[in-house]
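Encoded as structure tokens, the structure appears first; notes follow it.
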Amino acid sequence: MSARIGVITFPGSLDDSDAARAVTAGGADAVRLWHADTDLQGVDAVVLPGGFSYGDYLRCGAIARFAPMMGAVIDAARDGLPVLGICNGFQILCESGLLPGALIRNNHLHFICRDQKVRIAADDTAWTADFAAGQEIVIPVKNGEGGYVADERTLDMLQAENRIVARYVGNPNGSLRDIAGITNESRTVVGIMPHPEHAIDPLTGPTADGLVFFTSIVTTLAARVGA
Amino acid sequence: MARIVVTVMLKPEILDPQGTAVRGALTRLGLTGVADVRQGKRFVIDLEGSLDADREALLTKLAGELLANPVIEDYSLQVEA
Amino acid sequence: MSSTDNAAVTQRGVDTVERAAASPDVQQPWAELGLKADEYQRIRDILDRRPTSAELAMYSVMWSEHCSYKSSKVHLRQFGAKQPVTDALLVGIGENAGVVDIGDGWAVTFKVESHNHPSFIEPYQGAATGVGGIVRDILAMGARPLAVMDSLRFGAPEHPDTSRIVGGVVAGVGGYGNCLGLPNIGGEAVFDSCYQGNPLVNALCVGAMRHEDIHLAKASGVGNLVVLYGARTGGDGIGGVSVLASETFDATGPAKRPAVQVGDPFMEKLLIECTLQMFKEHLVEGIQDLGGAGLSCATSELASNGDGGMRVHLEKVPLRDATLSPEEIIMSESQERMMAVVHPDNIDRVMQICAHWDVTATVVGEVTDGSNLQVFWHDELIVDVPPRTVAHDGPVYERPYHRPAWLDARQADEPTAQRCPRPTSAAEFSEHILRLMSSANLCDREWLTSQYDRYVLGNTVAAMPHDSGVVRIDEASGRGIAVSLDCNGRFGALDPYAGAQLALSEAYRNVAVSGATPLAVTDCLNFGSPEDPEVMWQFAEAVRGLADACLTLGTPVTGGNVSLYNQTAQTAIHPTPVVGVLGVIDDVRSRITMHGARYGDSILLIGRTREEFAGGEWAHVLHGHLGGTAPVVDLAAEMALAKVVREHSPLITSAHDLSDGGLAVALAELVLRNDYGVSVSLSDTEADGFTMLFSESVARAVVTVAAQDVDAVRAACELAGLPSALLGVVSEERSLVIDTDAGRIAISREELAAGWSSALPAIMA
Amino acid sequence: MARIVVTVMLKPEILDPQGTAVRGALTRLGLTGVADVRQGKRFVIDLEGSLDADREALLTKLAGELLANPVIEDYSLQVEA
């Protein structure tokens, strides 16, 4: 039976159908979840998609973090449920305390959409298992508030514990230490600013490099079952 | 050292989607009787030396040209120190 | 403060139908509302009494230029009269947007609209609400909006006000579209001093649906309910109508009314999802977006297109500002609202869907068996009109027009070698190419396009920098569309008839070189004041030109927009008929892009090059010259080029059309946009090096093909009556090398890129 | 009717790109000696009725959880009426 991966839709989620498409392309079943529900429907992992939840009129992710479904996700994530937050999803993960730090306005103050080179730094998270550390990939980045910030201690800690998942090659937004993505202590929750779900087919994206995030989780879940 | 605080708010008759979003969230999180929320900007400007009349005049002018768009926003200046 | 409690508003002083009938001599401010004496009289004749103040408000705005097309209507009729015979048109001009059949049961709707004047006053919000408005038009046809495009005109790059407008407009187009989740797949950005006080912001939206899902704006079925949903109504965009409010609200007086509308893209995203869900469940009998003229427009159009009357209870409209008078509510142009006609059996489900998405929805009226549109304010009848007289039977002007006397002199002022000295040495050629590439209109658009999300929805097959935007519609079959939006206003200034045709020609070519079959046209006609007979002539000529050319190309005009009064004092903008062409591709995997070429591929130039520099970029950038005759319009060649490219798309590894700046610019762009170089010779071509490189003749493209396919493609060109020339090869060395009669031009990619990439950031710095 | 104003500013140690941009613009437009500019947010919240202790406590909590992100922002509340 293939893995079941939930994709949550918040009001203002925009890349939710893309995330679901990528989940399917990675070999899992996509289960659509609604922000106002609380039942995770027994999914094996969850994707928080990109977009502008609630318009992102306050701080990105600040309102979505309080959605009923996020309550369920936060509890389950603490118990080991793998969660991938992409862009707005990354912001929601930081706001809800599942990941440290915060994302602020890009240093050049513009929204930026471009094909971005990224270096995978940690290949031992639930979502990057099929990568090799040091591998360079190209996936789209598109955000207005993608500048990762945290205090020095946190940054040092992330680095020391190899919890920086990916770094920009050519920083697009002023993220500290070129951070494009990070993971939690148990390496199950990953937040990433650029969009792997928009790089699953060279027809509609710059590459198919992003697909590996979605095959990785299938690999990880299969290993769990096997273990 | 002088500190000037410029406050910029959308005019009352202008739609404020940000304030509306905050109002909705506060209400959902249990705060009762929220009649209205408006969201604005606040600029804290530190100037070297003291604030002479020339600089104050220029700053007042720039507040209405650069920091606020008077077509949709009201603004006010406050000298703090 | 928001409140639904309209009862709080005093009813004292409301102008009822009864009162209007009883007081024929009341002085009404028709002139302040922009009506002419005879128009006011016509309203009185229609109603057989004086209008109430609410009726006066409705007629005045619905009969305005913007809503009634009173100056342009007589000309626009040509789009119908000269409509080519085509099976592709499912819904023609007159609806919110036209609908085109693209095969397999899929229908596509698209339209371009202007938001020029608001964008000068508040560039961010003006542009943002422009995008919001056109997206609702597409939604109202029953389609899921798929992508947006924007065609922009700004003042001179060096003018101190230009960066304010560019920055605000681009952030506004991006801010709204990005937050709404629609990819931006292309557009234009042009700088010219004629747009200094009148920037143009034209936004296009394209959407798709199954044939059976097409929805029209009509209210039928007695007893059906009229639902208003979306944002609350505020005092937006009703400046002029406040004269009425101040008449009726003697003591208290209305609050100040906003001069500028603020967009709420999040609300619009919810509107889209909630509307599509209603369509999916077949809950909607008729639908209309609320745009210009707000409820006046939506109710009168729905009622006028239906088969009965309509009754509306205005006090039920949810308000953002409780002080609004009924006249103001009916006129408000608040954004992000829709109106649906729903069978009573379905109303609960509709309300449920709206609640699910947290969208306010209110039943504000019903379809009646009468013939009139009746509006009540509490229990009093304040509007009682035949809806057709408001929505469709507005005044029609036959404005006088005549060819400007100065046009002969301008057309005689050719950019001859004496008047505009030409490069003679290879070094001069290089310098001219570099100056062109770093000029405001040809430089890299990255600063601007990178602020737009082009990936969201996951179906964008081509966006910037490609010649047209390509979007996949059907994931299984790969069926998709290509859209391009183009215009060169300088050609319009030389000859508006040809200028409109050249805009169409360019958009058609851009779509064709992507491997698509052009099917249909939308247009946004931006001109100066119709009250100036010379401007009116330009307008009439442009419409005639566009209609004639659409007939020849077999691509009907499906809808569009007219924006007049784009002028500062006596100076009008260049005639700027922006034209959008929509094409279909059976399988987007077979599209042709600007990339794709391999080392060693041969470079072919297809099409005839004439000595045509008037209105072109070379004359503009190198000499600031505008005069002469516009390039020859050759629609037959344009069709032949499209056919050759389409039929040989498997052989063509990349294609790029020739337009602004001619061959020199097209070749330079290939070098800049790819990781290869270009090495060509002009010795075997039909004209001298200067003409070959800088002429802007139509119906031309550079294509690359594998060496073994050169003969096949050239033979096809010959068969189609198109000249072709084998120019050279795609080289590994990343530079632009051109052998000309004046010697060898060799420019490295770095040299080309330096000015090209820094020019736009420099304007914005 | 009670009015509460919540002010949210980025912590001093967090980079403030918007403030930096405003500082640059003010200087370019001729204002001399601009030492620093910080840009923050201002929420004006109108509540029906009077502000009882419960609602004030909840609002204070939400200011620190919803209106501000304490990882990067400082905030303060002020009851105006």
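Worth pointing out:
Chains here go by letter, A, B, C and D, matching the order in which they are written, and residues are numbered from 1 within each.
In this text, a residue touches a chain if its C-beta (ideal position, glycine included) is under 8 Å from a C-beta of that chain, and two chains touch if they have at least 3 such contacts.
Keep in mind the model is a prediction, meaning the values are calculated, not measured.
Between the chain pairs A-D and A-C, more C-beta pairs are in contact across A-C. Each chain gets a centre from the mean of its Cα atoms; for subunit A and subunit D, those two points are 29 Å apart.
If you average the Cα atoms of subunit B and of subunit D, the two centres end up 10 Å apart. Subunit A and subunit B have CA centres that are 34 Å apart.
For subunit C, the set of residues that touch two or more other chains comprises 1, 264, 266-267, 358. Multi-chain contact residues, meaning those touching two or more other chains, occur in subunit A at positions 54-55, 57-58, 62-63, 66.
Chain contacts: subunit D has residues 46, 66-67 touching two or more partner chains. Every pair of chains in contact is given here: A-B, A-C, A-D, B-C, B-D. Contacts from subunit C toward subunit B in the complex involve residues 1-2, 121-122, 125, 231, 234-236, 255-264, 266-267, 320-321, 334-335, 358.
On the side of subunit D, the complex with subunit A involves touching residues 10, 13-15, 17-18, 21, 66-67, 69, 71-72.
Across the interface of their complex, subunit D is touched by residues 58-59, 62-63, 66, 94-95, 100-102, 104-109, 147, 149-151, 174 of subunit A. Against subunit B, the residues of subunit A that register as touching in their complex are 54-55, 57-58, 62-63, 66. Across the complex, subunit D is touched by residues 1, 7, 9, 19, 22, 25-26, 29-49, 55, 58-59, 62, 66-67 of subunit B.
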